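As written, the chains take the letters A, B, C and D, and residue 1 is the first residue of each chain.
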Amino acid sequence: MSAVHSLQSPTVSLSYNQATPGRRLERIAGLSDGVFAIVMTLIVLEIHVPDAGPIRSEQDLWNALLGLGPRLVTYFLSFLTLGIFWNGQQTQLNLFGSADRDLTWLQLAFLATVALLPFSTSLLAEFITYRLALLAYWANIFLIGLLLYLNWLYATRTGLITKEATPAVSAAITRRIFVGQSLYAFGAVLSIVSPLLSIAFIVFVQLNFAIAPKIPILSRV
Amino acid sequence: MSAVHSLQSPTVSLSYNQATPGRRLERIAGLSDGVFAIVMTLIVLEIHVPDAGPIRSEQDLWNALLGLGPRLVTYFLSFLTLGIFWNGQQTQLNLFGSADRDLTWLQLAFLATVALLPFSTSLLAEFITYRLALLAYWANIFLIGLLLYLNWLYATRTGLITKEATPAVSAAITRRIFVGQSLYAFGAVLSIVSPLLSIAFIVFVQLNFAIAPKIPILSRV
Amino acid sequence: MSAVHSLQSPTVSLSYNQATPGRRLERIAGLSDGVFAIVMTLIVLEIHVPDAGPIRSEQDLWNALLGLGPRLVTYFLSFLTLGIFWNGQQTQLNLFGSADRDLTWLQLAFLATVALLPFSTSLLAEFITYRLALLAYWANIFLIGLLLYLNWLYATRTGLITKEATPAVSAAITRRIFVGQSLYAFGAVLSIVSPLLSIAFIVFVQLNFAIAPKIPILSRV
Amino acid sequence: MSAVHSLQSPTVSLSYNQATPGRRLERIAGLSDGVFAIVMTLIVLEIHVPDAGPIRSEQDLWNALLGLGPRLVTYFLSFLTLGIFWNGQQTQLNLFGSADRDLTWLQLAFLATVALLPFSTSLLAEFITYRLALLAYWANIFLIGLLLYLNWLYATRTGLITKEATPAVSAAITRRIFVGQSLYAFGAVLSIVSPLLSIAFIVFVQLNFAIAPKIPILSRV
């Protein structure tokens, strides 16, 4: 995209687009916190309270609540997903020194894929035994990860990162995204065997990102 | 509006309305990030998960997901719209030195038109082949753009802008709004031929704003 | 409430409740911006897209959209209400020097009444010719104004305000709330004649707050 | 968890996870304000406007509104709950000097339990005479309190707190959580007698936290 930019008529675009890089990162962080907060809260709305009509005893209500199991699993799964990518984006934002217009749009594209997660989550909860629902969910995670990677790639190539973002840090960030996405892809392939096995594997991978257990091979991720 | 203000009884209004201009811009930015974040997330909610009732196979689910196409197009369209105007408002806010009460209300009016976008988007997705739905959507974009322009006009006329807002920058901001709105209006006129052609044109215009391709005539926008 | 506090066992409560007054105002502002942004956006959701079933022509859609008139009026009304009280709270927050626990709870109570507005708005839109719906809406505005006043009263009595909050400013803030609430109450009484007249009057009062026209008697409000 | 961390391969994880502790607390506060603001607003959405169909007079509407009583009680209850825990989290965040990855995840887990509150609230409102609904609501409050405690425990053990967090302050924070949770648990046990009595008791305990009346035994809480 930087190549594209250099071909633009410089005077007009520059005066408009690069007038105020100063507070952009702050506003991106504010917008992102808003989007993540809303998505984290909306995915709960998919856990519908049982219909009061057919419920006549505590036992009926208990059975109805047990039926919400798949919804709770997908809520838990999506909250982990959101936490992982919120952390990932935060790490990058803290290493950015400034933002130009293209980076802003890459961040917006990242948020657009995050905002799709309530739909994917709901689809998976409604069709939890369908391979296609699992693949759609995985495609959403893949897109979020892809855009997170593209943001980092663009920022490093155009020199928008700070000195703290040493080559070692940059390599760790890139490796983390690639290893994570490889594991998610493997999880998606597992849906050939069973969608439920696939979900279990993805939850396991995400818990590893979140609580970092001492399994040696995974702690390097 | 400044003329209106000067006719007010000065002591009371001034002591109340101009007591604390300091943190106003910060609060406007915070409120705006919240409104944009929510609208960006709500437009996804229009992409409803298919009803589980009639779906009995992976093939059924696939067909049902294909039927969501118009919703995905309008989601994509509205996210681009929101990104463009979020960027536009941010550019202005960064060039404002302070805010008075009238500017605050112009900003609130701008947010009121932004908050209408989930309705327009949903209307367009539900009636994507209807000219009236397209015109209502265009009217919404027009209102957002109009208020963005009025904000800039008011701020420049009352001296609320900083020194960084040179006449060249101001001209670029105004030109950008006018060229953009002219292209949107042309897209709306295209709905006489076909609402779908009209949507395709507007998406094309917005992609130009977002990724700035190297088509010479458009890169000047 | 300060009298209440002085009767508490001082050591425990003080060490817990007054440990960190520093960033409280900032967090209250952040929470408030979030609540206002969500409420501003949610009231739009009451404008439902017409059901596609019975609509077969552009003319049908046009008629259906005309039927949304009351919803648009109540949206406009509530957005004005929110803007007025957002401005009112902001003015106060900027004049507060710090916040204690009681002020924090008074602010939360204020937000609780603001969060009720989507319900009142929806009730009014659904039953726009019913006096009771208008009175419920007015009661909500009254509660918001009452809590705004209680916040100011508490802050001035406990010395939480800054030096900029001179007696003249304080008198202007109090007068503004009282005059506004008197006008709203008069509007509510008008519902005896006609709920629609009542709404028209309240919209007129709010427009006066927002755009401050040059009618001498009202510009002093 | 710190023990777990020390067993990880140090170079990669450290370079990634500890690269940017600086703005973490600020982002956590921003995300938290967003989640609390949305939850505070969503719980109102459970108060549904009466269906217009069977309502033909002011009296009908009045009766329909009276039927919303349980919803209003649960709204009031949940708003108090949210206020108490927003205050509790804020107190802790202000006493944290920095955040590491584990603390960030503990904060996210705290927010995940907060985000469940609209579901619990709605369940309680729909089944207000059922013991199971009350226990589910209590379990949610218990989980929020547990995670608030775990956050404090982790931060004090790993030295992430500031000097202002003296042992006396830390003891007060811990005591407050324990006393509060004991009272909630007692309230839950009361549901054996009657779910409504149980709700009344919990509301009473929460009002004590919020307005701190001068009942000597409770003012020490």
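Please note the rule applied: a residue touches a chain if its C-beta (ideal position, glycine included) is under 8 Å from a C-beta of that chain, and two chains touch if they have at least 3 such contacts.
The structure presented is a predicted model; accordingly, all values stated were derived computationally and were not measured.
In this entry, chain A maps onto chain B through a rotation of 90 degrees when their C-alpha atoms are superposed, rounded to the nearest 5.
Residue numbering shows that chain B and chain C use the same positions for less than half of their mutual interface.
Put simply, the C-alpha centre of chain A and that of chain D have 25 angstrom between them.
Averaged C-alpha coordinates give centres for chain A and chain C that are 36 Å from one another. Each of the following residues of chain A touches two or more other chains: 30, 33-34, 37-38. Within the complex, the chain C residues that touch chain B are 29-30, 33-34, 36-38, 40-41, 44-45, 47, 49-50, 52, 55, 58, 61-62, 65, 76, 79, 83, 86-87, 90-91, 93-95, 164-165, 168-169, 172-173, 175-176, 210-214, 216, 219-220.
Within the complex formed with chain A, the residues of chain D that make contact are 1, 4-5, 7-9, 12-13, 15-16, 19-20, 22-24, 27, 30-31, 33-35, 37-39, 42, 101-102, 104-105, 108, 111-112, 115-116, 118-119, 122-123, 126-127, 130-133, 136.
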